[in-house]
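Consider the two complexes below, in which chain A is the common component and chain B and chain C are the respective partners.
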Partner chain A sequence: MASAPSLAASLHPATPTDTVPRAELSAIDASTKWPALVFIVSALVWLLIGTVFALIASFKMHSPEFLGNYEWLTFGRVRSAHLNAVIYGWSTNAAFAVAFWLMARLSRAALRHPGVLIVAACFWNLGVTIGVIGILAGDSTSIEWLEMPPYATPLLFVAYALVGAWAVITFRFRKSEHIYVSQWYILAALFWFPWLYSIAQIMLIFEPARGTVQALVNWWFAHNVLGLWFTPIGLAAAYYFIPKVLGKPIHSYYLSVLGFWSLAIFYNWAGVHHLIGGPVPAWVISAGIAASLMMVIPVVVTAVNHHLTMVGSFGALRTSPTLRFVVFGAVNYTLVSLTGSAMAIRSVNEITHFTHFTVGHAHEGMYAFFTMVMFGAIYYILPRLLLKEWPSAALIRAHFWCAAVGVTIYWVDLEIGGWIQGMQMNNPNIPFLEVVHNTLPYLVTRSVAGILMTIGHLAFAVNVAWMLAAKRPAGATAPTLFRSPPAMQAAPVR
Partner chain B sequence: MEWLFYVVAVVVGLGISGSAVYALYWSSQHGQLRDFERGATSIFDDQEPQGEMTDHFPAPRRKPGAPPPES
Partner chain C sequence: MNRGPLIFLGIFLALAFSWTGIVLTNQIQYGSLTPYYDANEGRTFPDKPSGLANQGRLVYQDLGCMYCHSQQVRRPGYGADEERGWGERQSVARDYIYEPRVFLGTMRTGPDLRNIGSRQPSTDWHYLHLYDPQLTSPGSIMPPFRFLYAYRKVAPGQASPLALKLPADYARQHGLDRPGYELVPTPRAEALVAYLLSLKDTYVFPEAKPYVPPKPAAGAK
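What follows is the complex of A and B.
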């Protein structure tokens, strides 16, 4: 582990950056082993916890008496616990692991100060645990996406500061001449997230702004967590893994750079489209709608890049687990983003607002895009950390098909149901209770899709646990490892 | 106190925007926006060269012709 200078020396601006050697990829992977394992395993635990909360909340939507006797499992609490467990527990832990594994690899230098990241992981997970327990105990702040009680959030700040400091050090001591587009995305995301989170905490919880400014800050934050934190990390992973797995460069690198800068310019404005029809100045809403539609530029640019890179290589989807998950995610990124831009148009928003359509859309973004890309990344990263093969191809296939089919049923179902719900709510001749009743078949279907996704998560968890427990046969080389080129050449590329 | 937080938010926002503009300027000055073909291939090296896939499903389909391993 090449932590040559001390942490203080790494942070000191006068320390020369040429003391660090350019490292072999295998040495870089080895240096990331412990922090990456801690983040990935805690992400997986949170995924399972979040899934349980999700199922409870989903069942309660069509069977309100389900677990109705427990106050800490009422819908309002368990739904927020689900959101926070999967956003801050699963997604952010996975994003951290993938971000710094990619960052170390692309910077071509062994990971320095792994202890800093492990301490950050402990603080982060402690913070999320306290936060989720606080929500279940009834201490939720009731501000969407910031439900964690104020006594949990300082721990998250400490964790984030450590990760941020580490990222700056890694970037500064990089040994790569070129900054690959994934590095731009990751570095920017690591700056943007603390900005969003701290401003939102201050203006909503510590010193709440007045009136509708609260709503504006809330949706600026909540939408940008998706657009300026999860989207960049997901795209960074897709921009690395698609060309890397295929062994062919991205279709148009020029477009990827254009995509990054246009996302940086437009996304920050888009969040206020959640307040269309609300009591906020019309120009703010119009600016948000314009920015939401301008997002078509980075989305189309990214779609052209990801999908045209795949052209001619679709056969590889059968042989590579990583590619399957990442390409599924990339296709859904295109779909969900174009849907999102359409939903910002006033006439569309009048129908979809306050319906299950939004819930389906959110899950297509966070699950069908982001979570699937993270799954794919973990399938690529873990064998290289543990120097072991995935124990079961059947479990990988079960995971993929359950998750992919489950989430597709989920969002298609809720978007159809939500659209019908919105049309009926806009029709004054249909009583409200009848509209509610008409959503039931879609809510039941959603629970079935949720069960399918849960089976996928269990297959994934069993495979990871099995892999961690399995002994590595001496001198073993395996197709997913790519440690031993002669052995790789013997393996057929099918 | 409320005004103080608005000031902080505006200053931090300007700082973030400024850093983005500086990053774009920096990348143009340091050749990051030139020779895009080379940039695209920067993720490949001798160890993991261009033209070779780096991810496959695990065994047993690894070696054609060889007796299938016990599963």
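What follows is the complex of A and C.
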């Protein structure tokens, strides 16, 4: 962990160090305490709920009789309940907490009226609860990434507006001169998501567009939730925590500028690659493919920036839980994005489209990248909110290895299985049921990987609950690390 | 990059770019696509689905069928959709104009259903398949939809014509062979099957003529 006051250094390469007194940071962290806690704990609850739905859906894939008599838990419903619980429940709750916590810290401004954010959290979680129950009860819209029934939407919208407004207000009261790269990403994400969401709601549900224009709106929305909401928040966190934990500035300021604007311009066109070969105008598909390939620029630029910041400091991965999770996420961001660009090429898409390959790819993006970065962020943020340390390093270790190994088996397995499935599906001499049969070993392996990830989540949940229940120790405490680095044993500082 | 308003302007323009390109332009380009009038037949295509089929579409939607079944046929030479018998021609935008919600789908855990109505026109087959996919497609991983059926006492002299004709072995093993009882689809199952049978693009639009890949000129690639 950093042994020098390093926030300023990570704020901007040119900022002189020791400009942010630790006391000021503590005051800012304290102002975020209750809203951040509410968002993080609800995120955790949704993670566990989403995991249960995931396991049910995964078992059903290879054993269709499993819970086969319950309409509420039929595959088509439980799968969407899983997606919405982890996207809007876990991921978005975690993203909210990380976004306004980072925004307050980087703006050097305490949150004003934090109670409003708690109201937002209640609205948001009520909305997601109603939405997920609605899906299980049969009110799903069957629009990908937008399954929650329309009666859940207004609550979500109010909650989002409050969180977005509060982050912008915090930003307006900033005391720092520089606007750090993480702040660009957070501001952009908070602005983009409501635009995407409201257009999708209007053009798909309230006043549906005619014919396959719906499909274009759907994928413009769904891919951009990933690209313009989760990715910017994940990158904002990575841009903050990697230099912060290492105590050294990000590799290159100019690369972060290039990475940000190229992502902003190219990512939002990429979603159309989900419709390659479909009944929509060919020009818009070609534009989507071009944008998907151009995504190589922001991805490589960001990769260089993150990974070169790490060079020379790999030893820190052995000690810092936050760093280990975040770097695992950052590496997977590079991998998953390059795979995604490749999948947009027509000849590759001919094989991977309509197969489990896409499912593996999606989980590498949402889990191996985004979720792991959020885990890392929570390991950093919670002790600073509660002024207590993580009770068990062993549980953190179990969490990391179960999640990391589990999700890696998950996506590698489904990408191999999906590729074979695609090749066989394109060969009309192989009967369809045989293609289905040949995917079974991969589907079973996926369930095993899912069980491993579940164990990781339970370790995480136990650690959080234990930490919340533990008494706050008197005096200064040392951070919970995987092991004590010899050089820092003398003066452990967070 | 320390000027807030400038950053915000860039952020705004970035999404405005794709919103205009993907959403707005396409809405203008073909968002009011009209049906095609066939002078020979003296009527327009595509057909409007029946009321029962439209109810079935809602069952299809609430059970999430589209997460395993696509509804789009790709052109010959791209994938094997046509060779697998999933359609005689590629799907085009005009096929979907009467659908209040379009289920193109992105997954083929099961086969494409765009023309299931012409590929599998038997009502009995669909009832059996939905009740237990193993009856018609052994080895399938499709879930059973038994909750769409009722096992009930036959009203005297009023046996349902829709009652499932289960194989005797199957009925005995599953305790469905009580004399005087019948296994019948609920109205939701009837609507769903009506919807599935309505899925067929058997007409041809000028823009949907079966595609014949051009012969490459000698010497070219």
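FYI, the second predicted complex is superposed on the first by the 456 of 494 C-alpha atoms of A that agree within 3 Å, B and C clash if a C-alpha of one lies under 4 Å from a C-alpha of the other, contacts with A are read in each partner's own complex, and residues count from 1 in each chain.
We take it that contacts are C-beta pairs under 8 Å (C-beta built on N, C-alpha and C of every residue); 3 or more make two chains touch, one makes a residue touch a chain.
Since the model is a prediction, treat every value here as computed from it, not as a measurement.
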### Contacts of A:N69 with chain B and chain C, given as first, second, both or neither
second
### Message
Contacts for A:V272 in the overlay, against chain B (first) and chain C (second): which applies, first, second, both or neither?
### Response
second
### Partner chain(s) touched by A:T129 [first = chain B, second = chain C, both, neither]
neither
### Message
Quick check for you: in the superposed arrangement, does A:L433 touch first (chain B), second (chain C), both or neither?
### Response
second
### Task
State whether A:V257 touches chain B only (first), chain C only (second), both chains, or neither.
both
### Task
Give one of first, second, both or neither to describe whether A:T319 is in contact with chain B, with chain C, with both, or with none.
first
### Query
Touching A:W390, do we find chain B (first), chain C (second), both, or neither?
first
### Message
Once chain A of both complexes is superposed, is A:E350 in touch with chain B (first), chain C (second), both, or neither?
### Response
second
### Task
Between chain B and chain C, point out the one touching more chain A residues.
C
### Task
State whether A:F191 touches chain B only (first), chain C only (second), both chains, or neither.
both
### On chain A, positions contacted by chain B and by chain C
177-179, 188, 191-192, 195, 199, 203, 209-210, 257, 261, 264
### Message
Show me the residue ranges of chain A that touch chain C in the complex, using the header's touch definition.
### Response
60-62, 64-65, 68-71, 74-77, 79-80, 138-144, 171, 177-179, 184, 187-188, 191-192, 195-196, 199, 203-204, 208-217, 220, 224, 228, 257, 261, 264-265, 268-269, 271-272, 274-275, 277-281, 284, 287-288, 346, 350, 353-356, 358-359, 425-428, 432-433, 436-437, 440, 443
### Interfacial residue positions of chain C with respect to chain A in the complex
1-2, 4, 7-8, 10-12, 14-15, 17-19, 21-23, 25-27, 29-33, 60-68, 70, 72, 74-75, 78-80, 83-84, 90-97, 99-111, 133, 137-147
### Query
In their shared complex, at which residues does chain A touch chain B?
24-26, 106, 176-181, 188, 191-192, 195, 198-199, 202-203, 207, 209-210, 240, 243-250, 252-254, 257, 261, 264, 316, 319-323, 379-380, 389-393, 396, 478-480, 482, 485, 488, 490-494
### Summary
Counting only contacts in the complex, chain B reaches chain A at residues 1-2, 5-6, 8-9, 12-13, 16, 19-20, 23-24, 27, 32-33, 36-45, 47-64
